[in-house]
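Next up: the structures, one after another.
Consider the two complexes below, in which chain A is the common component and chain B and chain C are the respective partners.
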Partner chain A sequence: MTAKHRSWLGMALIGTALALAPIVVGASLGNAWVRVLDFAALYIMLALGLNIVVGFAGLLDLGYIAFYAVGAYLYALLASPHFGIHWPVWAVLPLGALVAGIFGVLLGAPTLRLRGDYLAIVTLGFGEIIRIFLNNLNTPVNITNGPKGIARIDAISLFGQPLSKSVDFLGITFSGVMLYYYLFVVLALGIVFVGIRLQDSRIGRAWVAIREDEVAAKACGINTRNVKLLAFAMGATFGGVSGGLFAGFQEFVSPESFGLMESIMVLCMVVLGGMGHIPGVILGGLMLTVLPEAFRHGAGPMQQAVFGKVLLDPEALRMLLFGLALIAVMLYRPAGLWPEPRHRRELAK
Partner chain B sequence: MTVLLEARGVTKHFGGVQALKEVSLTIRQGEIYGLIGPNGAGKTTFFNVLTGLYPRDGGEISFGGETLRLASPHEVAKAGIARTFQNIRLFANMTARENVMVGRHVRTRAGVVGAVFRDRRTRDEEAALRRRADELLRYVGIEHRADDVARHLAYGDQRRLEIARALATDPKLLALDEPAAGMNATETASLKSLIEGLRADGLTVLLIEHDVRLVMGLCDRVAVLDYGEKIAEDVPISVQRNPKVIEAYLGGSA
Partner chain C sequence: MDIFLQQIINGLTLGSIYALVALGYTMVYGILGLINFAHGEVVMIGALSSLTVIRLLADSGLPGPVVVLIGLLAAALVCMALGFTIERVAYRPLRNAPRLAPLITAIGVSIVLQQLAMLTWGRSYHSVPALLPAATHEVLGATFTEVQVIIVAVAALTMAGLMLLVNRTRLGRAMRATAENPAIAGLMGVDANRIISLTFVIGSALAALAGVLVAANYGIAHYHMGFILGLKAFTAAVLGGIGNLAGAVVGGVLLGVIEALGAGYIGDLTGGVLGSHYQDVFAFFVLIVVLIFRPSGLMGEKVSERA
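Up next, the complex of A and B:
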């Protein structure tokens, strides 16, 4: 079997697993868990976008969630009774990507000379500014509906079929969360594809060169300003797409969903998984979505079974363990759980 | 001989330190031009100003007959000046081949769309890019390390890789900042023949070096900086006998 055959076979297996996952999970664990998978796909898209900025180009961005917010609110404003506009998803999503990309450039431009901690602080500030705007743009003209958020957003609908309603196909009932799952996975695969292609390209190498040594990158003729802005724009675009999907999926958005903790969570997915390594980032996104959820459901009943009562609030315990896990990973696997092979080789030395 | 680079009255200071005082020098097409001087004389600063890393405070630089305005580094690279660094600056986690490929950034064009769709032109460009990178690695003699991460290369090989990366920009002028620093006698000798080969291939070289024998053996002409001022510019033999130069070096080490 040649390498090519093997990789086709691998892809076929992954494809089958991805296609069957929601059916199996839905039948065994229930639709709540399919919903978790939906979120995992959304977060993976976000993490892959942030990975371009942080992992490839080495620009520590703590305000990344802002682009998710831009995509989500754009969808909410253009497909809800709030303004009475009901654009179809195929128009709103690309527009959201574009607008988020423009925001990426606008927020990136003032930070170009900053690095490391300084960049982190400024991007954190920008992220908060966007959230605060969303929170307050309800007066004098009501644009965002303020802290109450925007409700009754149109569900994403494809070929006249709203994904929020279940469909019977081949004798299986596909619930709304399952339909969303398929859409999200297809789009996530698209983003993975774009990420892989970018990484192994002239632009991708320029990003990594800037991360490795900005001065030398300049001396090699890289226009670092443009190439960094491109990283911000690409990352933001992915964020905008996921934001739009999030809005259509939840049918509700409010500024609360786009706080600093969310930015940090997405950053954790990237760092924990393996910065700059796409499979690692996917793993990070999957783990940090699924494990806390498993914990939330499992911790209470388990304490009940072992101690006869719930000693520790599962929510507090969850954050505690999350923190410990993070520290452990940084101590023992500083390059992440699934780093790029060449980094791993270095750490083994 | 035609003039390739002309600097007139180039001045640079850092706070109170006058690192370059009205430095003027002329480099001719096809020569190896040495820039020497005691520690802290301003040699590296001249490189940094020349390549646009630092803005200059005064003076003019013309290159290939055109004035180099207060250009940014990538524009200087595009104009045809490539450099290496005194304290090697490679892309440590990229392979040797990738390092050289990045050097070719300024001579290639593929953008995001090309990267994602891999159209014919992008594939052709990428293939040519790889070939050229391998050629350059062979040229500097480290083709067997092409797939190794730059950081794992031996010191001498890292210096060579930096030269290969600089050559990838298709320069007219190659500026080397102490390429022999930290090398043993054998490594220095092979570096010398590498630089001679570059000249034979028509490249102009600007060389900062402390190894006097290397400078004297390689350079057609040499300029001496001392406290930011050019105190001599001549063929090596004459520079060596110049009392001001002897004074600067003895004064520096005393």
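Up next, the complex of A and C:
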């Protein structure tokens, strides 16, 4: 069997596993867990977008969730009874991608002269500004409906089939969360494909060059400003698309979903998984959505069993362990759990 | 006019607290070139642990200011130990790692401290007993409380003390030498690790003081108070020129005043379109503008594009 055959076989196996996952999970653990998988796919898309900015280009962005928010609110405004506009998903998602991309350039243009950690703080401030505006733009003209958020958003519907309604196919009932799962996985795979192609392209190599040494990259004739802006815009675009999907999936958005903690969560997926390494980032996204969820379900009953009562609030315990895990991974595996081979070589020497 | 004066007074109070916290950021940044993201949470721990001690002593019959002083001392001890531990556990092993690594551990430390505080003190807002003299005085139509005077005075004295320490003592000289170049300072007989530890301990003591003052100013404390305060203090440090002690003080006071004036006037300026709940936007807006037009801050030296 040649390498090519082997890689086709591998892809076929992964494809089958991805296709069967929601059916198996739904039958064994229930639809709540399929929903967790939906979120995992959504977060993986987000993390892959952030990976372009942080992992490839080495620009630390702590306000990434703002682009997710832009995409989500755009969907919410253009497909809900809030303004009485009901655009189809085909129109809203590309528009969301475009608008988020423009926001990315708007944020990127003035901040690109800054050094790493300054950039982090400015992007963090930008994220907070967006959230404060979402929270307060209900007066004098009610645009975002303030802290209450926008409800009754149209579900995503494809070919006249709203994904929130279940469908019978081949004797299996596919519930709404399963349909969303397939949509998200297909889109996530698309983003993975784009990510891989970008990584190997001239632009991708320029990003890595800037990350490794900006001065040297400039000396090699890379227009660092434009290339960095492109990284920002590209990452923001992915964020905007994921945000639109999130709004259509949840059918509800509120500023609460777009806090700093969310930005940090996505950043941690990228960093814990392995910055700049797409399989690592996918692993990070999957782990950080599934493990906390498992913990949420498991921690209470486990304490009950061991101590006879719930000693510590499971939610606080989950965050506590999350913080400790961040510290531990950085101390013992600073390049992430599944780092890029090139990184590993550098760290070894 | 009275609104103007009133907001200046409020801004000075808030600003001197920002300045105290900003000093902690700027000292660490000056020596290690690292943003100590967890510093805001140290302030929060300081406020809450002083509150616990103050509540224990509230019925002891001791005069109010003495109780607050004991609370402050206890908080300072807790925070100093905390600062020392944070540096040892989360920063020292990563001193030669890529810049991102200590930033991530710092975020991890913040999360851990916040959750520990939540488990210890609960989710609720704690009201702080008013033990400091709270009588109000009136000047030119603006009112100020004695608490505000105490806050500004204590902060000013502390900062003056810190300046003396850094500029006039042997320890201060060692700190400045380490900030300049740790390796060379080491050759001159300065134990750089000890100096770095001490910097964290001093910064944390200032954070404890800031925590107590903030609690006294607003009369409330809760486990989530550190984040936004830390962020604003960091903004203040950047505004003044990070790494520069006098800059942190100027930046803190300036940011406090800008914020207070902004909150006071934004409604009138925009014809009521934007209200005072946009107060928090000012800090970030100032931060972004400063970083774009003067990345080295108001009093900072020129820094290279990439360090």
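The working rule: the second predicted complex is superposed on the first by the 344 of 349 C-alpha atoms of A that agree within 3 Å, B and C clash if a C-alpha of one lies under 4 Å from a C-alpha of the other, contacts with A are read in each partner's own complex, and residues count from 1 in each chain.
Just so it is clear, contacts are C-beta pairs under 8 Å (C-beta built on N, C-alpha and C of every residue); 3 or more make two chains touch, one makes a residue touch a chain.
In this text the structure is predicted, and so the values were computed from the model without any measurement.
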item: Overlay on chain A: chain C relative to chain B, clash or fit; value: fit
item: Contacts of A:201 with chain B and chain C, given as first, second, both or neither; value: first
item: Touching partner for A:121 - first (chain B), second (chain C), both, neither; value: second
item: First, second, both or neither for A:316, with chain B first and chain C second; value: second
item: Which of chain B and chain C A:230 touches, first, second, both or neither; value: first
item: Cα-centre angle that chain B and chain C span when viewed from chain A, reported as a multiple of 10 degrees; value: 80
item: Contacts of A:132 with chain B and chain C, given as first, second, both or neither; value: second
item: Which of chain B and chain C A:216 touches, first, second, both or neither; value: first
item: Which of chain B and chain C A:256 touches, first, second, both or neither; value: neither
item: After fitting on chain A: smallest Cα gap, chain B-chain C, Å; value: 10
item: Contacts on chain A seen with chain B and repeated with chain C across the two complexes; value: 215
item: Residues of chain C defined as touching chain A within the complex; value: 34-35, 89-90, 93-94, 97-105, 107-112, 114-116, 118-119, 227, 231, 234-235, 238, 272-275, 277-278, 280-281, 283-285, 287-288, 291-292, 295, 303, 305-307
item: Chain A - residues contacting chain C, complex; value: 60, 110-111, 113-118, 120-122, 124-126, 128-129, 132-133, 135-136, 139-140, 214-215, 260, 264, 267-268, 271, 275, 312-313, 316-317, 319-320, 322-327, 330-331, 334
item: Chain B-touching residues of chain A, taken from the complex the two chains share; value: 193-194, 197-198, 201-206, 208-209, 212-213, 215-224, 230, 234, 342-343, 345-346
item: Complex interface listing, chain B residues touching chain A; value: 51, 53, 72-74, 77-78, 82-83, 85, 89-95, 98, 101-103, 105-112, 114-116, 118, 122, 125-126, 129, 149, 151, 165-166, 168-169
